[in-house]
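Both complexes shown next keep chain A, but they swap its partner, so chain B is in the first and chain C is in the second.
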Partner chain A sequence: MTLHDLYLLSPELSLASLGMVVIILDMVLRRKGVLAAVSVVGLLAPLAFSISLWGDLSGEPDGQMVGIFNTLVVDKFSLFFKFLVMGIVALVVMSSVEYVSRLRQFQGEYYGLMLFSASGMMLLAATTDLISTYVALELTTLPLVALAAFLRDSRSTEAGIKFLLLSAMSSAVLLYGMTLTYGFTGTTQLVEIFERLGASLDATVPFGSHALFLGVIMIVAGFGFKIAAVPFQMWVPDVYEGAPTPITAYLSVASKAAGFAIILRVFYIGFGEISLDWAALFAVLSAVSMTVGNLVAIAQKNIKRMLAYSTIAHAGFLMVGVASIAARVPVGETTLGPSGVLFYLVAYAVTNLAAFFAIIAISNRTGSDMISSFAGMGRRAPFLAIILAFAIVSLLGIPPTAGFMGKLYMFSAAMKSDLAWLVVVGVVNSAISAYYYLKVIRVMYMVDPEGEEKIHVAYAPQAALYITALGILALGIFPGPLMTVAEKAVAVLFR
Partner chain B sequence: MLPLDIAFWVMAAVGVATALAVVMEKDIFRAALFLVVSFLVVAGIFVLLNAEFLAMVQVLVYVGAISILIIFAIMLTRNAHEGNPFNSFQLPALVLSTMMLAAIAFVAVNTEWHDWDQLGLQVLPGDSGEVFSATEQGIKNVFGNTTQVIARLLMRDFVLPMEAASVVLLAAVIGALALVRENEGEA
Partner chain C sequence: MSLIHFQVLSAALFSIGVYGVLARRSAVMVLLALELMLNAVNVNLIAFAAYGEQVQATGQVIAIFVITVAAAEVGLAMAIILRLFRDRASVDVDEVDLMKW
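== the complex of A and B ==
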């Protein structure tokens, strides 16, 4: 370890330290409102380090800096996800202020665990070695398990226990897959795995070898759990319903982003030689996730459960981009699949956060998560209702929103990769999703309210709502700049 | 048959039998005791693989610490005498685990495993001996002194995940403390 290694790791280090600072401040300070402010302002440290690292990259010939015995890499891909995770954390902390003030104790732990989890996500996007990947994954998940059970009522405890057991199970499956890969290649380094696979594959067997066949399927299952893809989605509805709503929002966007970061890195770099095989696997999972998520969402009466199934469907849309691999693309446009995934992740993050923030603000007052309790919100809370409606329009994928541009990039990547059938499945699913998404808008505007009391929102959550709503609109009208950055970020996957 | 082979098969059989007993045993306390035996047998298999350090850690951590923790947890649980609840998933679980076993056995037998030299590790200097094939030499170097190699791997090559694991533990401790807090009549 040299000083330079520490510099490469500085965003993660400063973020984890920030978590500890917040927890210690909680013990010292009497006014707990400061904690949220410290968490948001403190993010400037990892942000500054990340910007500085991004600047340093321009001096590197191959666009990356490798450190700590080849277990950590700083490139535009990992920095892209660092910025995304920091943005999500800042917004979720801002929206939590009112929610958390109900807890008399352990507010510092609430923010601290969120920051620990975020440092795990940042590390996850920057690992180039399977062992580090696994530890980063646990660092991402374990704090979230504690946060899911944070309310300690029966729903929340059930969410925590289910999340803990199923994530332990998925970790076991993932580790089994990794050991099979290690057994076959003799290394845990993604770049070396790629090199050794090139020399040792048997073209007559799917995935080039029986061990890899089973290993890759198990790795997909392990990561599939994190991104909530069918058939590894059993935990999603219960955890989303039981967890504190800001944590549900965080879980739905941040852990999905981190999951896709590591999927793209492991499969595009480590298993690049057998991309045709795993791309077919992802295409099938994508179609199944979209269909199951959307069909089950129709029957939901609780808005958090409905969004849980919608999350599963969106994991399906995102996997369209993973399946649109370079090997299937004739010429040019090779980066459209993965860069589309990056764009979609940002678009989905602002959209889903806007929806959840509006729901948090409304159900803080009504005390209910049922869709029927949103009746008449168009009159009781016009500002919240319009943002929620706008977020839903974006989830549905209607212009001029971020969600529309995301789906557009995703489907055009699939068309260029000769996956027309997947595009058809996606479009049909978008139509199905209109049914349950628009139901919420109808309840808000066409049904008479239960009470007349207006709903007011504190400043911090209001600011978070404005930022996300602006994000939806900006990405819907000017997608170009973000797409350019996304294309630069995925360049490291194609070498 | 070599004595080592006999030792392996005895331990393998005991290991599988006790592992099955852990799952099938209705009395949860006896299941925990079978788990101790199963951990011990795994330690024995590590010894056969020349991984003495790992075997020692297995005994210290799993047999020593984790088993005691599990037994304590059982003794402190009020409804422990009700035992392992039997449920309707027994048959599907059996089918699934048999399929899994078949898949792994098939893969283990049919894969052309490659002998990667030195198991991907650098050869340690100062360990000379008879000349074997490169792979055997690598294995000999690695397992000739496992403690040294593990120390090197943990504190040098994989220092990042090791340090990250300490943050995981910190987060787990903080999370656990926050979850066992006293109820103070929150709104």
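== the complex of A and C ==
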């Protein structure tokens, strides 16, 4: 452990310290409104460290800095996710201000736990070792469990217990898979796993070995839980419905982004040798997730539950990119699958956050999450309704929105990897999803409102709404710059 | 004793754990079954570390991490189970069904 190691860890360390500062301030201060401001402004510290690390990378010959006994790496891939997670946290904190001000106690813990979880997500994107992967995964999940149970009413508690028991079970399955991999290769370092697998695989067995077969499937199950893929999705709707709405927003974008970061890193680097086997597995999971998510979403009456099933479907769309590993073969188009995943994650983050922020603002006033309670919002809250409608259009994937560009990249990556059947499934699913997405817009504009009272939004959530809505539009019209950064970021996965 | 004995022990413990998680109704017993699954992982890790091609400490180090994180998990779980009990005077996971489908 040297000073340089600490510097490599500085974004995570400063973020975790910020969490503690916020919790301590909560005990001292009387005006709790300051806490949200401290959380957002304090994010400048990890941001500055990350920018400084990004600058230092250009001096490194292989574009990465490895530290802490080879368990942590700073490269453009991990920094990309650090920036994404920090952006998401800042926006969610801004949108929580009104929601949290109604809590009678533990406001500091609310922001603190969110920041702790974010530091876990940052670590998760930066790990190069199975041990640190597990620890970072738990650091991400446990604060989220506490936040899901935060309201201490019966629904929130139920969300907490379901989330905790199922995530603990999935962690155990993941760990068992990791131990099998460790036993087979004798190492937990992803790069070494890759090197040792090359020598010891039997081409006649799926995944090259029976031990690895079981191990990889268990690892896929463990990670599949975190990204809410079918058939590991049972917790998603209940937790999304019961948790505080800003936490649902956070959970749906940040924990998904971190999950895909670690999937890309573990599978592309560690198991690159058996890529065709697991790519087929992800392709099937992707098709099933899209279909189940979209079909069940149709029947939902609660908007948080509907978006929970929509998030399952989007996990399916994202896995199209993971499965497009065969795209590494032809020269020139090597990175479209994973770089498309990175783009989609950002696009999905701004889109889903915009949708959730509008929902938070509306249901703060109406006190209901039912789709029917959104009736007439086109008149009662024109600003919120237009942004919610715009976000829904982006979730659906209609140009000129971020969601459209994301799907475009996913599907073209799949076409280049001979996954035409998956593209067909994806397009059919986009059509199915139109049914339930447009229902919300119809209720907002075509149904008469229950009351005439206008809905006003505080400044901070309003700013968050503007930022996310602008993000949707900007990524939909100018996807180029972000895609260039994403391509640079995934370059480390292809060596 | 050889590696295969430990492998069988670990697989058996893990399977008993999975059965317990699925079949037990009390949340506390589910938690115990989860601990069993994690201990199966630890047995696996330590056996691989001791019987691997070169003897190394990695497996034991991971086992310590697993035990530590499991302790944190139990702490949080107990807090939520307590909350659940105050809420409905029961920790039966079958009755936790306010939300479904």
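Please note the rule applied: the second predicted complex is superposed on the first by the 489 of 495 C-alpha atoms of A that agree within 3 Å, B and C clash if a C-alpha of one lies under 4 Å from a C-alpha of the other, contacts with A are read in each partner's own complex, and residues count from 1 in each chain.
Rule of thumb we're sticking to: a contact is a pair of C-beta atoms (placed from the backbone, for glycine too) under 8 Å apart; a residue touches a chain by one contact, two chains touch by 3 or more.
Just so we're clear, the structure is a prediction, and the values are computed from it rather than from any experiment.
A.B. asks: Should A:I68 be classified as contacting the first partner (chain B), the second (chain C), both, or neither?
C.D. replies: Touch status of A:I68: first partner only.
A.B. asks: Of chain B and chain C, which one touches more residues of chain A?
C.D. replies: B
A.B. asks: Using the superposition on chain A described above, determine whether A:L29 touches chain B (first), chain C (second), both, or neither.
C.D. replies: neither
A.B. asks: Looking at the overlay, does A:S209 come into contact with chain B only (first), chain C only (second), both, or neither?
C.D. replies: Only chain B is touched by A:S209; chain C is not.
A.B. asks: Once the structures are superposed on A, label A:A458 by its partner contacts, choosing first (chain B), second (chain C), both or neither.
C.D. replies: neither
A.B. asks: With the two complexes superposed on chain A, say which partner A:A168 touches: chain B (first), chain C (second), both, or neither.
C.D. replies: A:A168: touches chain C, not chain B.
A.B. asks: After the superposition on A, what does A:T179 contact: first (chain B), second (chain C), both or neither?
C.D. replies: Only chain C; A:T179 stays clear of chain B.
A.B. asks: Of the two partner chains, chain B (first) and chain C (second), which one does A:S154 touch, if any: first, second, both, or neither?
C.D. replies: second
A.B. asks: Is A:E241 touching anything from chain B or chain C once the two structures are fitted on A? First, second, both or neither.
C.D. replies: After superposing on A, A:E241 lies in contact with chain C but is clear of chain B.
A.B. asks: Using the superposition described at the top, list the residues of chain A that contact chain B and also contact chain C.
C.D. replies: 131, 134-135, 138, 142, 145-146, 149, 152, 160, 180, 183, 186-188
A.B. asks: Contact residues on chain A for chain B in the complex?
C.D. replies: 1, 9, 16, 20, 23, 68-69, 71-72, 102-106, 109-110, 112-113, 116-117, 119-120, 123, 127, 129, 131-132, 134-136, 138-139, 142-143, 145-147, 149-150, 152, 160, 180, 183-188, 192, 196, 200, 202, 209-211, 213-214
A.B. asks: Going by the contact rule set out above, which residues of chain B touch chain A in the complex?
C.D. replies: It is residues 103-104, 106-108, 110-114, 116, 119-120, 156-161, 164-165, 167-168, 170-172, 174-179, 181, 183-184, 186-187 of chain B that touch chain A.
A.B. asks: In their complex, what parts of chain C are in touch with chain A?
C.D. replies: Its residues touching chain A are 14, 17-18, 21, 27, 30-31, 34, 37-38, 40-41, 44-45, 47-48, 52-54, 56, 58-59, 61-62, 65-66, 69, 72-73, 76-77, 80-81, 83-84, 87-88, 93, 96, 98-101.
A.B. asks: Which of the residues in chain A come into contact with chain C in the complex?
C.D. replies: It is residues 130-131, 134-135, 138, 142, 145-146, 149, 152, 154-155, 157-162, 164-165, 168-169, 172-173, 175-176, 179-180, 182-183, 186-188, 237-238, 241-242, 296, 299, 305 of chain A that touch chain C.
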